[in-house]
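What follows is chain A paired twice: with chain B in the first complex and chain C in the second.
== the complex of A and B ==
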């Protein structure tokens, strides 16, 4: 699995023709390629199968992926977003479906319910999960991504508009600070925030959506 | 390729995040004024809480009233109170910290992120700018790195981030454009603009802060300020104003 960043915003994936180097990437994210490479719609539910497709239909977390196979190198980029590459070793990544740029072969995608997060920010009540062993590339459309570790003694609160995704055993809850709620209707956009407890890493971007 | 995770032990106490000029971390020890929408995350110390109270509903009314002298902007600011680390960001702009020592600095309202309680905030005479007076730290953003220049200088209004220690600027209009304005009929004006005829003119001693460009924001305060001024107008003036607004709308549609 040879992945590298050509620049902070362009991911290059080298394919050696073997099954192990094949990837799934966001539909339309290919900007250039060299060699003998095939692009094929990953099919129902972004390759997650019928069950995932059904859940996606219900939840609106539509995941549109393409299978990239063959021999050569592929350049991937979306909307000049910064690319964040994560290695998963049996952990679960939670992210918005449109934030997924590329997944290595063997990772499973599914849809999970995350709570009432979407009520204020317009983001989904559901999130896409990626689990298994392999690599995943996330997009940060608002500047260079920031990784923040959450430990048992160090809970973290995040603005939903800056949130990209998280990895690890994290419990997610709403902070509806009474004083913040007073701001509703005053164009603040920060009446709710997300609180993470447990242990893991949360990814945020410096520019709000 | 990957990003090193940060936690309260590795976060800076008062600095940009490592390798990231677009995000800034402040270690909260006392009250901090923060513009709403600029907080991206926070770690409350020891699992406690950091409260973000609107200025209209804060427990620190006396302190706020004496340090925040601007009714126009009071709805856009909150007071952060508690212990812990707060991360701030602003539209992907570069964020810098400034120290004032018995000084004053005026900064574009949209570019001011936060200031501590050692400073007093007042509205500048120039619309859309806020003045900070006193001793303390504040955070301001700029589109690209800040450029420091010394008067005498004329600057583009959109490139202006702020100024310190020098008199407030006057508006300067390009001489060629003025000649045309005075000589020509009003209607012939359209199409003669270069977009650079209006400038801010700085004189005296001090420092002017510039940014490389400005992504235009629809500033809600411009409208609020105008609304306040419209009340002073008579019926004839209002009708004239309606005409101007109509012409401007048509220009946008083209």
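== the complex of A and C ==
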């Protein structure tokens, strides 16, 4: 499984044709390839099966992936976003579906309920989870991503519009800071935020969606 | 020689008598020394710079026209455009560069530019390619020795083509190419695309021949 970054914004995946080298990537993310490579829609639920597809339909968390198989090298990039490559060793990554660039074979995707707070954050009530052993590439728009560590003593608050994903044992809650000032239009522009407690890492991009 | 990268989005050009620089009009950010800027009179492609009357006519007719200005005198000029990434491509004179006119930031005025009808590069297929890539039916070709600054969304990477190596590029991510390359539109459409379940990679540009193709990290146009 050879992945490398051609530039901070371009991920190159080498496929040797063997088992385990195939990947799933966001549909339409290929910018160039060499060799004998096939692209095929991963099917319902982004390859997560019928159950995932059903949950996606209900949740509106639309994950659209394609299977990339064959022998050759594929260059992947979306919207000039910086690419963040993470290795998962049995842990679970929570991410926004549009921020997933590429997953190695063997990782499972599913949709998880994040609690009612999602409804007003614009991130939806649901999040996409990626679990298993393998590699995953996330997109960070506007510049390189920032990784912020959350510890038992140090909860973290992030802007939902800049949040990309998180790994670890984290509890997510929604914080509102709405006061009479908001009614007057004198708010700070940070009325809604996501609060993380527990221990893990939260990834944030420098651009607000 | 001509261009030095200051940041990923700004280039610096040294201008000397006999070393004039042609750039997109309005792309100058700062200049020092005794540098004069003048529009290229009679539209791009006319007069001493850029390929003569035929090229001028072709550009005027086909919209392959971006207003240019020439920097003369002696001094240095910073160029940049709308925060787009800049790639500097040096040409040794042996192979021409093909690029869409609106991706051209600046180039040495000594280079000759011409407008090429895509239909000449593979007949109807060339024309189809122009339509599919959104390039139109014409492309700009620069030849001679010098350097060229090309704009892109998210920066570019270069892929060598040749010696049996064939490269396939997303038409929306294609930026420019150097050398004698053949670009063919291939469709890999299946019944899945018809029902909205395609891979999103249904239309591709197959690049063959000898040369280098430059691809950007995005599928957005400038």
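Keep this in mind: the second predicted complex is superposed on the first by the 190 of 209 C-alpha atoms of A that agree within 3 Å, B and C clash if a C-alpha of one lies under 4 Å from a C-alpha of the other, contacts with A are read in each partner's own complex, and residues count from 1 in each chain.
Heads up, the rule we're going with is that a contact is a pair of C-beta atoms (placed from the backbone, for glycine too) under 8 Å apart; a residue touches a chain by one contact, two chains touch by 3 or more.
None of the values given here were measured: they were computed from a predicted structure.
Undergrad: Let me test your reading of the model: by the given contact rule, A:106 touches which partner, first (chain B), second (chain C), both or neither?
TA: neither
Undergrad: Per the contact definition in the header, classify A:168: touching chain B only (first), chain C only (second), both, or neither.
TA: In the superposition, A:168 contacts neither chain B nor chain C.
Undergrad: Classify the contacts of A:70 with the two partner chains as first (chain B alone), second (chain C alone), both, or neither.
TA: It touches nothing on chain B or chain C.
Undergrad: Looking at A:198 after the superposition, I want to know if it touches chain B, chain C, both of them or none. Which is it: first, second, both, neither?
TA: A:198 contacts neither chain B nor chain C.
Undergrad: Please tell me which partner, chain B or chain C, touches more residues of chain A.
TA: Of the two chains, more chain A residues are contacted by B.
Undergrad: Looking at A:17 after the superposition, I want to know if it touches chain B, chain C, both of them or none. Which is it: first, second, both, neither?
TA: neither
Undergrad: Return the residues of chain A at which the contacts from chain B and from chain C coincide.
TA: none
Undergrad: Please give the residue numbers of chain A that touch chain C in the complex, ascending.
TA: Against chain C, chain A makes touches at 6-7, 9-10, 27-34, 39-41, 43, 64, 66-67, 75, 77-81.
Undergrad: Given the complex with chain B, which residues does chain A contribute to the contact?
TA: 3-5, 84-87, 142-151, 153-159, 162, 177, 179-180, 182-183, 186-190, 201-208
Undergrad: Would you mind writing out the residues of chain C in touch with chain A in their complex?
TA: 85, 153-155, 157, 159, 165-170, 173, 188, 192, 197-201, 213, 215-220
Undergrad: Flag every residue of chain B that touches chain A in the complex, lowest number first.
TA: Residues 1-8, 17, 19-20, 22-23, 36-37, 39-44, 46-47, 49-54, 56-58, 75-76, 78, 87, 89-92, 220.
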